[in-house]
Each structure stands twice: as C-alpha cells, then as structure tokens.
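The two complexes that follow have chain A in common; it is paired with chain B in the first and with chain C in the second.
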Partner chain A sequence: MTFTKVNNKVVRVDLNQSGPIIARRGAMLFYTGTVHFSPHQVPGAGGIPGMGGITAMAGRIMQGEHEATMIAQGNGVVHYGFRGLETHIVDMSAGGELRVEASRLLAHTSGLQSAVVQASAAPAAAGGGGGGLLGALRGAATGMVTGTGMFTTQLSGYGAAVLLAHGGIIELQVGGPAPVFVDPQSFVAALGPVRTDLKSTMSWRNAGRTGGESLQLECTGQGIVYVQASEEKL
Partner chain B sequence: MSVVLNPSHLVGNDNLPGNNYAYCIDLQSPWFLSKGAMIAYYGQIQFTALTHGLQGQLLQMVAHQFSAPLYLGDYVVAEGYGKLILGDRGYDINSYDLDDGNLTIRAANLLAFEPGLSLNQSIVPGFLTLIGTGKFLASSNGPVIFAEPPLRVDPEALVGWADCPSPSHHFDESWVTGFVAAGARMFGVQSGEERQFDFTGAGTVLIQSSEKVIDDSSVVRMIEGQLPGLTSSGLQRINHAVSSQLQQQQQF
Partner chain C sequence: MRLLEKSKRVIEAQLGNTSIRALSGSMVAYEGQVSFKSAGFGGGEGVLAGLRQRATGEGLSLMEASGTGVVYLAHRGRNVTVLDLNNETLQVESEQLLALNGNLSTNVAFAGVRGGMSGQGLFTTTVTGTGQVALLSSGGPLIHLEVSPQYPLVVDPDAFVCAKGQLTQSFVTDVSWRSAIGQGSGEAFSLKWDGMGVVSIQPAER
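Right after this comes the complex of A and B.
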C-alpha cells in the first residue's frame, strides 16, 4: 500500500515508493528526510501552460469545488492528518474512478487525474447520465441539501487516495439485489461506476411531518459507497 | 455494555474502563489541574484558584513549583481525598511519568500534574516545560505519535517534546525559485506548509493529528504584554501584519 494507517486519524506515506503526493493544504503533520512542499496548481504556473491554469482554477473556485492543495516531493516519510478527522485509505492500484467532495479529500498520489464533474451524473462507464436541464436542477437540489456544490471532484487512474470523515467510515457495496440509500449529509465518496440520485419522499401531503429523513441519495450501479457515522458537514 | 461507575470499583490513576477520553485520578495529595478539565468527582475535594485564596503550605507549594505567570489563571489546585474524573474536548487522555526529567508540552494539552513537577514557561510561545519527578496528564487529538529526531513538524500538530531535541523554526520557501512561482508568492500565494518546527538531537517528539487552535489566549496575552515597549513604527507594522493576516483568514 502506498498509504499506511498510523492510527484512525493519521496516515503515513513513503515518498520513495509513492512518488509525489498531492494533499490538502495544512494537512502535513510531520516528516523526516528531505521533502519540499509547493503549492499545487499555482495560477498560471505548473500543469497547464499559458492562461489555461488561471481559467481552470477560477472555474473550480466558482463551482465551490476547490481546496488549496500542495504537492510534496523528495525523499522521506510524510505523515498526514487533518483537524483530528478520521481518515480512510482507498486503494486504486487496480485503477478506477473515485468521486469525492474536495473538502473530504485529504491526499492522493500524483498518478491520479483529478477533474470536476457534475455531482448527480454517473461516470460515463455507467451509460446514460442525468444530463440536460433536469440533471442540472437535480444537481442544484443535491447541492442545497448536502451543503456542497453542484459539482464534485473525480479522481481517475491508478494509485491511492485518502478520504476524510467525521466519525468512522463505513463501506457499502452497491450492486447487490437491494438498492442502497444514503443520507446526503453522511455521503462521503463513491468508488467505481456508481450513480447517485436524490430521492425525495416529501410532498404537499406530508410537508413538515417527514421526520427529517425525507431526502435520500439512491446509489445504483457497481461499486462502493463510503458513508461517515455522522451527519456533520465538512 | 455500559457500566455504571461506582467509586469503590473505580481504579484510580487510570483511564476509565474502555474509555480513552476520560481519566480518573485517585486524589490523595494536591494536584495542579487545568481549569475546566474536571467533569466529575467523588469524595471531599476543594478546588482553589492560584491567583487568590491560597494559604499556608499550598501557597508555598505554588510559589515554588509554578513559575509560569501567564498561566496562573488557567490552573487550579485540587486538594482533599477522593476520585477525580477528567475530560477534555473528547480528546484521548494519557498519563506520563517523569523521573527526574524534562518535557515541554503545548499549554492547551496539559490537563493536570503532580506538584513534584515544577511548571515553567517555555521560551517557545504557548508551551510549558515540566521539570522533576512525578505524574502528569496530557490530552491529544487522536492517539499520541512518538517520533525521534531529526524531523520537522507542523506547528499545529505538535504536542510536545522530551529531553533536548533543540527546536528551531524552519522555513521551506525553496519552491519560490521559479520565475512564475516567485510572482505568485508576491501576490500572496502560500504553500501553507512553509513554516515548520525543526527538531534535531537526542530526544522524543510527541505529535497529534493537527488541531484547529481553540485557545490561544496565552499567546495573545504574551504579545499584549510586550506592546507597551514598542515604538509607533513598530506598532504600525504589527497593525499591518494583523490586518493582512485577518484578510487571509477571511478568504478561507
């Protein structure tokens, strides 16, 4: 494994084995060896040449799908943790897609490509996808409920990533005979071609009498959904 | 599953059974206690502030063992007999024994200590040094990680250090070598990890998962205490630094 759990709240990574690591700013706890930290995706610098960097970054900030990140390079062992939140390592050495809110992503290997995608749409592999106006509306509704944007970060490729959660993380297998429903505020991430749709049991008849569980995310497809044991937003 | 506590069953000087977040002291002699750390007690225990109301022997003890004037208001003396239960923000609590040793710890993480230890204000702001022989209790966000120098630690993640790993500041600004990066730096882009504490030498460093600093009142008090001696240009510079820092915090 690239990342190793030290305890529930801290992971360690050996840069010699993993290569450069991209992590949330302020998440480095301590390190040994010669390691250099630099901002990842400085406007106009690194990655995309020319003006592409600026516009891409501005776009991400507008979508609310942005956390300042930095990249660690060099030789040594780095420990990561963030404000005492629980961490969970997702192994993607066999390749795959992970969709996670930027605020719930602690670190990932630099081999994973990150992109911003629409929150309610499924990855292309699942086929279909809630495009069009209806999809956008649904995305907006999801955003309002979960307190996050209409968009989410998608990591794809080969490597490993570390998730953040308030309270422990539970893995739910999606794709069995029974559908999986998740409270939008407990939803952390989805691995593989999983489609998440917001379902509402609320209507004019039962308005105000729904017990606060009227909105649920229905997860369909094949993969794993990560859920935290808390409804706290990050 | 859940056990109802009973003073005759409680094991003194240990964590509560199956609970890392609370600790029970079997109080026989006075202890120094962080204000607000007590969550419950059995028996006859008095809590006296250090700043006033102390008399006789206790006053002597405080005068001898407590040389951290900035923190006088943050600790009380617990005296009497009984079982004293402590908790702190849901953090893990551990007890440590010092045998004629020294350990420096973040003030916010020091919960209690025996008067056999003397408390001294560290020259690193916000930290306290314990010297002598005795037991003390410290809290940490998640289990404490022990590491040996040489290493560099994020200031927010540092709990403390024992013996003498001579801490110093380390500023990692090497990424500013490129032309564009230097420009970005001028516009206030920061890596966020450029300031670290560097430890070298023999000793042990104690680390936790980083915390959002809740209580920095002691550091604020120390800065305030030094303001009267400053020139007006110095004050203006501080004013400028404070306002730019405030602006940055509001951005995130």
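Right after this comes the complex of A and C.
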C-alpha cells in the first residue's frame, strides 16, 4: 500500500516507494528525510474540451472546483492531515477512475491523471446528465444544490488516493440488485464507472412534507460510492 | 427493521416493507425502494404536537422512511448507539435522538424543575414501548452509568443524554457567594438521579 494510516486522521507515505505525491497545499504535517515541496499545476489543465488554458482555469475557479496543490519529491516519509478530518485511502493499484470533489481530495500519487469533468457525467459517456443542454442544466442544478459546483475532479490510472470526510466514510457497492441513493451533502466520491443523477422527490403534493430528504443522488453503474457520516460540506 | 451500528457514526436500518422514524435530514444514503415523508414532531400527533413543540422548546422533527431496502443514517459525524427498549420508558434529550423503530411512541413530558437556568428546559422527551432507539453522542460513545438506591448519581445537565428505569430526578444547585462575584466553579447546576436504572451521558458538554 502506498499510503498507510497512522490513525483515523493522518496518513503517511514513503516517497521512495510511491514516487512524487500531489497533495492539497498546507496538508503536510511533518516529514523526515530530504523532501522538496513545490507548487503543482492546476489539476486537469485543458481537461474540458473546447475550453483550453486560461478560460478553463477561470471557469474552474468560478465553479469552486479548484484547490491549490503542491507536489512532494525526494527521499523521505511525509505525513499528511487536514483540519482534523477523517481520511480514507482508496487503492487504485488495479487501475480505475475516481471522481471526487477537489475539496475532499487530500493527496494522490503522481501516476494518476487528474482532469475536471462535468459532475453528472459518467466517465464512459460524457454529458451523462441527459446529454446536451439538459445535461448541463442538470449539472448546474446539482452544483447549486450541493454547493459543489458543476464540475468534479476525475482521477484515472494506477495508484492511490486519499479522501477527506467529516465523520468517517462508509463504502457502498453500486451495481447490486438494489439501486443506491445518496444525500448530495454526504456524497464524497465514486470509484469506477458510476453515474450520478440528481433526483427530486418533491412535487406540489408533498411540498414541505418530504422529511428533509427531497433531493437525492441516484448512483447507477458498477463501482463503489464513498459516503460520509455527516451532511457537513467541506 | 432492525437498527444496526454500521460504523461508529452510521446507523444501518433494514426495511422489509416496514417503516422507521428518524431525525429529519439524517439520511446519508439508501439502497432499494425507500420513500421519505415528514412524520411530525416528537410530541405526539397532529396540530397539538406542533403547538406543544413551540411551547416547550423540545424541538424534534422526525421523518418516516418506509419501503424495502437499507437506509444509512448519520448526523454531523456524531457517534451513534443503539438501545433496546422492552416495554420501558426512556427519558431522552430530544436533540440526541436519531432514529426509532417498532412500536415506540414519543411524547413530551414535564420533567420537574431542573436545568432551567442552564438552558436545558423543564421538559423532556420520553420514548415508550418496545423496540430500538438510536441515540447520538458528541465527543465519543455513550457512557452508561448505573444508579441504585444506595448510590444516587449526579450528572452535568449539559452532558446528560438519556435515562432508563425507575428514576426520579432532582436539581442540585451549588450557588454561593463565590458564584455571585464571578468565582464560581462552572458547575453550579447539576442533575441528581435517585432510584434504580441506567443514566447515559456523552463525553462532551452541549
């Protein structure tokens, strides 16, 4: 395992084994050995087709899908933690795709390609929220409701990543006989080709009588969704 | 419709065409066909319950989850504990209640004069019947303390979560001239429990 847990909230990584590590800026707690930290480029530069360079970056910052990152290189052991939040290690040594909010990503190995994709899109079929304009609109609505923006970070390739969550994480398998629904504010990440669609159970008939669960993310496809034990946003 | 502790902070409720009641907005995920609707307030049914909630300040807004599947419940990353009730009455702070199943009914009862000064109200929520209750606690898991006639228990009203059994509560004040001049110990009001039963507290003060 590239990352190992020291306790619930701190992970350690040996750079000799893992290679360079990209982490959220300011998340390093302490290190031993000779390690250099330098600013890392904005993840997924040019990730959105037809929107290159500066425009894409401005768009992402506007949508909140941007966290300053740093890259750690050298020989040594680095410990990472952030604001006392629980960490969760996702092993992607067998390869795969992980979609996660930038604000909930603590660190990942540099072998993973990061890109910014539309929040509702399944990795297999871009523009997944219904396609075209409707999909984009739905994506924007998801973002507005969840406060997470209409884009999300996608990591793909071979390696490992560390997620952040308030109150710990549970893993739910998607693809079984029963459909899986997640509270948008508790959704942390999805591993594998999982498609998330915002679903509303609100109608004129039950307005104000939905028990506070009127909006849900429906997860379909094959994979794992990570859910935190809290409705707290990061 | 058993309630299980999925992790330290998540409750798993299995529904087989049945329903449970839970704190509004506490669902974090579910599998299967489950629908959620508002189930009113902790003080019983109907308009009267709403009025009672306003009047007593024991605010508890519940939802009903029904259908077939598994529901995961959590609230603000707080620890969860499941208690079994066997035709018993549990006195509980309404803000510490996460979920209820079975034939449990909730009500708001007058708890006598206590904690009035510390903001912990004169009223308490009671849960009566047979079934399971999921409780929340901040700062760590619940601590269960036994009370017997020879050994009454005194707890901080801000750490009190629930009490079960044949218990009577009284209010202990330790106010002296020191408190008046601002030299109080910060523990001027306490909750004393007499009788037989179990009192649960959380390792944090509200």
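The definition used in the following text is that the second predicted complex is superposed on the first by the 211 of 234 C-alpha atoms of A that agree within 3 Å, B and C clash if a C-alpha of one lies under 4 Å from a C-alpha of the other, contacts with A are read in each partner's own complex, and residues count from 1 in each chain.
Here, contacts are C-beta pairs under 8 Å (C-beta built on N, C-alpha and C of every residue); 3 or more make two chains touch, one makes a residue touch a chain.
It should be emphasised that the depicted structure is a prediction, and the values quoted were computed from it without experimental measurement.
Touch criterion not met for A:Q113: it reaches neither chain B nor chain C. Within the superposed three-chain model, A:V225 lies in touch with chain C and out of touch with chain B [touch as defined at top]. Contact with neither chain B nor chain C is seen for A:N16 once the two complexes are overlaid on the shared chain.
Look at A:L172: by the touch rule set out above, it reaches chain C but stays clear of chain B.
Touch criterion not met for A:S93: it reaches neither chain B nor chain C. Of the two partner chains placed by superposition, only chain C is touched by A:S186; chain B is not. By the touch criterion defined above, A:S200 reaches neither chain B nor chain C. Touch criterion met: A:A27 reaches chain B, while chain C stays clear of it. Within chain A, no residue touches chain B in one complex and chain C in the other.
Those residues of chain B that touch chain A in the shared complex are 141-143, 145, 147, 150-154, 156-157, 172, 174-175, 178, 180-181, 184, 189-194, 196, 205, 207-212, 252. In the complex of the two chains, the chain A residues touching chain B come out as 6-10, 25-32, 36-39, 42-45, 68, 70, 79, 81-85.
The touching residues of chain A, when paired with chain C in their complex, are 86, 166-168, 170, 172, 176, 178-183, 186, 201, 206, 208-214, 225, 227-232. Residues 6-10, 24-25, 27-39, 61-65, 69-70, 72, 74-78 of chain C are the ones that touch chain A when the two sit in their complex.
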